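Next up: some structures, all given as structure tokens.
The following pair of complexes shares a single chain, chain A, combined with chain B in the former and chain C in the latter.
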Partner chain A sequence: MAKNTSVVVETVVPLSTQQAQTLKAMLKKSFGTESYTTELNPEILGGVRVRVGSTVYDASLRGKLEQLRTS
Partner chain B sequence: MTDFLSEIKKQLAGAKLETTKQSVGTITNFGDGIATISGLDDVMLGELVLVGKDTFALALNLKKDNVGVVLLTENRDIRAGDTVQTTGRLLSIGVSDDIVGRVVDPLGRALDGKAPIAVKTYQPLEKVAPGVITRKMVTVPLQTGIKAIDAMIPVGRGQRELIIGDRGTGKSSIGLGTILNQRGQNVICVYVAIGQKRSYVAQTVALFEKTGSMDYTVVVAATASDSATSQFLAPYAGVAIAEYFLKQGKDVLVIYDDLSKHAVAYREISLLLRRPSGREAYPGDVFYLHSRLLERACRLDEKYGGGSITALPIIETQASDVSAFIPTNVISITDGQIYLETDLFNSGVKPAINVGLSVSRVGSAAQLKTMKQVAGKMRLDLAQYRELAAFAQFSSDLDAKTKAQLDRGARVSTILNQDWDKPMPVEDQVAVIYAATNGYLDSVSLEKTRMWEELATMYLKADEPAILKSIKAEGKIIEDTEKALQKALTTFNDIHSELHL
Partner chain C sequence: MDIKLDQILFQVLNFGVVFGAIVFLVYKPVIKVLDERAKKIHDADRAAEESLKEKDAIDELKKKEKVRAEKESAKMMEKAREQATELKKELTEKARAEIKLDKEKAMKSWELEKKGEHAAMRKEFVDAVYAVTEKVVGKAVDKKAHAGLIDKGLKELAQAM
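Coming up: the complex of A and B.
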């Protein structure tokens, strides 16, 4: 399957410049790319959710609540 | 109150909340219970995936840039663009000892309106069959209670015996009769109904309940109105339940009714998934579909826990064509077949077994010695009789020897007739067949043969229980028993002179 490495970052409020810098550094280190698109998504309640290609890294409040519900 | 609060606090503190990594995809195409998904890079073949919030699907096609999944439950709210995520789980069914006596669907959900099945463990639907080392020869008989089968086409525990024939020849009846006969035999039965009418399933369950057979039976039902996916999964769910009891060292009997409809359901799924079609439009792996299922029938060595799974798959032929694709496949996988014929059925032979074409490749090693003693030559004799009977129709005057052979044959084949829902204990079978093959019925008129059989078994049970007990216990007919049986049969014939010509 062709690896596509487009990065989408979902947050509730826009990231601050410093947060964006940190995120870029992390993306560069892990996936070798700095470019990403941002999406504002109030449904995740808080935190951040990053989608790289077809893999989702979920550090959102909603994700944690879901974990609580299923554990 | 404080207890409650501290309990909640403790629970919350104990919960692991981590950043999760998950493979996701989006639906690009959806219809007929099949969805095509882009993304989902890490999906495994046969993995359970979550579509939307609560619909599960099974990944069946992994291609270069998309994944084909089949939905396990009906959901009309699915749209293209919906998110799909992997679960890391393979399809499995929740089982426990409580499942006995229940009617479930292939995902283990109760269909009988009673409480959900308590789950002890999950059994995978797809599992590699037990290896060569763990297996053992088939040596213990599985009594079907049907004279013609137990005498001539014996089935052993751990065997795969195909029941094949046209529609309406009594295929299911043989399977159901066998289940009825397993009471007190220490066998768990699993009846898998694939693509059957719901009314038929209800009727079957009612029969099991009436006869008390439900105490040791599980019914797995994917009826004609259920999805093709459900029908495709039903036999695997059945054998998964059987494997749960196998693990406890128990003997299990599984009846797949029927695998023709199973193949048709799989063909539907395969065509919708756009897999290339082959002969009769079945996909290329339709042989493997059945072989991997039937290979899971086994008899395990005691070192590996013992126990067995006996499989009685049923195949429906069209116009007696056993050389069609699916029948030949399943014939070659199984350890023999019971071949039922419309002509025999219509001429009143019930069960309508064609003795010449039916075989059991491993069962004779498992047949009781007593039965082998009395029925050893019956198969050949009966085949000779049928040939002679066909020939004799053309000639009017027959010599005495031929006539005697015909008379004997007619009585033996009448004795093999039996109502499907009246299984017979093996010791009664031995006594009756002994009488028929040794000429004790020669003087009985043909119309009264069935009545003779009924009265004689009643007589033996009431007046000579020692003989039957000895036949069952000894494993073979010892000389004393044979003499006692001869005497008893002569006495019986004297008492009931009204049955004679």
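Coming up: the complex of A and C.
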């Protein structure tokens, strides 16, 4: 991953400490970085959505509903 | 009675001359004419016989030709019959194949329509579920539930990343 690539984590409610640590470990392992910004976004309805640069990893409720709709 | 020999001789001579004259002047020409006539008749008979023979030969030829033509005609009829049967078979099979194709097309079309209807119904259902879920989740999920959802989400992302 490039150095300038930003990581944005969207949730409906703030992450707990443990969740934040788990996330950091994941990002370190996959992208070599622990830094990220959080965004509270009720539109995702639940779960978590991570944007790494232009790639989106969607584990939100809204994402699942969209999959159901489009499948 | 006086028998006069010279008169008898004269008479005999006379008779001879007359006889000779008759033979040469009458009998022979008449015989000649009769012979000629007989020859003509004979020739005519022969010609008639020849004509009859020719006629018989022609009749025979005609008969043979008729038989040949009948055989030929029977062969052609048989051939035409076979061709007609073949054509009928061909047309029947072609018609059957066309019917089968039409049937398959209709089935496919019906299947597609059914799928289309299913898809439309599914979409309607999913849209309804989506709308309801949007509203319900927004209101009913508490912090604990959200935390659970986030944990589950993180596990999924760990596999996806």
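By definition in this document, the second predicted complex is superposed on the first by the 67 of 71 C-alpha atoms of A that agree within 3 Å, B and C clash if a C-alpha of one lies under 4 Å from a C-alpha of the other, contacts with A are read in each partner's own complex, and residues count from 1 in each chain.
Criterion: a residue touches a chain if its C-beta (ideal position, glycine included) is under 8 Å from a C-beta of that chain, and two chains touch if they have at least 3 such contacts.
Model, not experiment: these values are computed from the prediction.
A.B. asks: Could you figure out whether chain B or chain C reaches more residues of chain A?
C.D. replies: It is C that touches the greater number of chain A residues.
A.B. asks: Output check: A:59 vs chain B and chain C. Expected answer is one of first, second, both, neither. What do you get?
C.D. replies: After superposition on chain A, A:59 lies in contact with both partners, chain B and chain C.
A.B. asks: Please indicate which partner A:67 is in contact with in the superposed arrangement: first for chain B, second for chain C, both, or neither.
C.D. replies: First partner only, chain B.
A.B. asks: State whether A:6 touches chain B only (first), chain C only (second), both chains, or neither.
C.D. replies: Neither partner.
A.B. asks: So in the superposed three-chain picture, is A:37 touching just chain B, just chain C, both, or none of them (first/second/both/neither)?
C.D. replies: Neither partner.
A.B. asks: So in the superposed three-chain picture, is A:51 touching just chain B, just chain C, both, or none of them (first/second/both/neither)?
C.D. replies: A:51 contacts chain B only, not chain C.
A.B. asks: Between chain B and chain C, whom does A:22 touch in the aligned arrangement: first, second, both, or neither?
C.D. replies: Only chain C is touched by A:22; chain B is not.
A.B. asks: Touching chain B and also chain C: which chain A residues?
C.D. replies: 57, 59, 68
A.B. asks: Spell out the part of chain A that touches chain C in their complex, as residue ranges.
C.D. replies: Touch list, chain A to chain C: 11-13, 15-16, 19, 22-23, 26, 29-31, 42, 45-50, 57, 59-61, 65, 68-69.
A.B. asks: Which residues of chain B touch chain A once you look at their complex with the stated criterion?
C.D. replies: Chain B residues touching chain A: 12, 15-25, 39-42, 64-65, 85.
A.B. asks: Please name which positions on chain C make contact with chain A in the complex.
C.D. replies: For chain C paired with chain A, touching residues are 123, 126-127, 129-130, 133-134, 137-138, 141, 143, 145-147, 149-154, 156-158, 160-161.
A.B. asks: Enumerate the contact residues on chain A facing chain B in the complex.
C.D. replies: Residues of chain A touching chain B: 1-3, 51, 53-59, 63-64, 67-68, 71.
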